[in-house]
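Please read through the structure below; I'll follow up with questions.
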């Protein structure tokens, strides 16, 4: 998956959803708020997002949160640890998603 | 749910499993290792555990990780933020588990 | 499960959550809005809620949506059909939740 | 995804399954029966199917039920409302599937 | 959980469902057929059922399939191995269900 | 999906994960151990793996376990029966994964 194309497509479709119904703006705002800097620093929230994405086997979510983790200064080892937390929680059925996460990290020259 | 009884019962059954098959000792050790202090401090790993528990709607897991979060010095607001991350990720079907988390925090005099 | 006690406990814990963090008020409002009368009449939205609850195996959600379905004038047959849609979608692992739904309908003298 | 190719491929593989084992004919018949016109009109059953598909993050199911919704005369707003019911129920991990639903609706000139 | 009471309650509610809608008889028959002796002997199908029940975290399903496994002559070690297959597949969030399985096996004097 | 390419890519990414963190070697070893010949013969364990893969809607897992089933001498009918056990357990939302399984079996000249 090309990351720039993924991001562009994701943004376009989010916009399409928001143009058709205000709910998607409201839900998106609520999601942004929950992930904003708080008692838990944003970096750790994004690592939580990555662990959740692996556990729930959502590749698009993995790609989104890996990018945000990096923006927040997360290191390679922190990304790997968050991925492991998703795998131990969700078991071997999360392996394809963990492989996807590692493949994306390789493509982004993190590994 | 009485927390001491829950903990005692959980320990007894974990022991029963480990006595019957070494796998459960090995899996448990691997889980402990993944949750140990690392590049991500243990406190944040336990908060990740709480968010994962809410998202995957596992009450026993919620009760286990809330206690570990507190042991690691997590504050009330951090516990609430981790719960919110589980709810926004997993939607309204996680509400019963989030209610359980708040009820437990009230019983433990955190709220 | 006693329905009045369930409702009271549910309301108390929802209030506790909202008092501790505005997010839960906002998410709850968004949920109410999505379930309000629209192009799809509220009765059918509540039947969708019941089907989703059975599929996702959430007993608290089943009890909540059955009550709302009845308030909106849904008949016994409509409730049964929504339950079936959850079961065929989610398979035999939804049977315990479907049994719970029927048990609740019996206790409410719908069956 | 090209819709005609998807439909053709889906039909071919369903046939392959039914040719190999009568179970798949029986399960398919049961599924058809549950989705047939009843106390709940077929249009609303298909909207339930769409909401379930978004909640359970099944893209093939989304594409199947959107087409059936349209055949039954569902409007754009009804399709959007059913999608929202799936998203609020299943949270932000359903967003990729909701984006897929909107993308399909755009390709079918519904949006 | 008392096993006889569980079985009685399960049977009563299954009957209630079947009395209200023929679908539940048909789905139940299909489920029985899939689990009947075939190329895969019934004992191994019931062990598959146990592994699936642990993975999908369905306690009622665990209790149902453990009893069927025993009826089919499965040994303690086979029951433990099927449980392990569910746990490694579904991760630590399946532990509460695995504990439930071991607790039931202890109550049935298998362990 | 080309099976040789899938296998090669899967192996490469597993190696990448293991090179970056010993956890993935340990988890993989534990998974191999659980799936090894025991009181339940390896062939039946792989059929359990296939049923779990269909139920949890994991295409990569389906492709992995089908190959192992064949290596262990499982017949076409056993593969079909394991797939049916996944479908009846997990409902119509598993159909796309069951179609994938049949498509793979056709490509491998099993059907």
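Chains here go by letter, A, B, C, D, E and F, matching the order in which they are written, and residues are numbered from 1 within each.
We take it that contacts are C-beta pairs under 8 Å (C-beta built on N, C-alpha and C of every residue); 3 or more make two chains touch, one makes a residue touch a chain.
Since the structure is predicted, the reported quantities are computational estimates derived from the model, not experimental observations.
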Worksheet item: Which chains contact both chain D and chain E?
Response: A, B, C, F
Discussion item. If over half the contact pairs have to be identical by residue number, which pair among A-F, B-F or D-F is the repeat of D-E?
Written reply: B-F
Item to complete: Look at both sides of the chain A and chain D contact and report whether the same residue positions are involved, with over half shared, or different ones.
Response: different
Item to complete: Report back the single chain whose CA centre is most distant from the CA centre of chain D.
Response: B
Worksheet, complete the sentence: Note: chain C sits from chain A at a C-alpha centroid distance in Å of 30
Worksheet item: With chain centres defined as C-alpha means, what is the inter-centre distance between chain C and chain E in Å?
Response: 27
Worksheet entry | Centroid distance [mean C-alpha coordinates] between chain D and chain B, Å | 36
Discussion item. Residues touching two or more other chains, restricted to chain B: which are they?
Written reply: 23, 27, 30-31, 34, 52, 55-56, 84, 87-90, 92-93
Worksheet item: Classify the inter-chain contact topology: is it line, ring, star, complete, or other?
Response: complete
Practice prompt. Using the touch rule from the top, collect the residues of chain C that touch chain A in their complex.
Written response: 23, 26-27, 30, 33-34
Practice prompt. Name, in rising order, each residue of chain D that touches chain F in their complex.
Written response: 10, 13-14, 16-17, 20-21, 23-24, 27, 31, 52-53, 56, 58-61
Fill in: Of chain C, residues touching chain D in the complex
30-31, 34-35, 38-40, 44-45, 47-49, 51-52, 55-56, 75, 77-78, 81-82, 84-86, 88-90
Worksheet item: So in the complex, which bits of chain E are touching chain B?
Response: 57, 76, 80, 84, 87-88, 92-93, 95-96, 98-99, 102-103, 106, 111
Worksheet item: Residues of chain C touching chain F in their complex?
Response: 55, 87-94
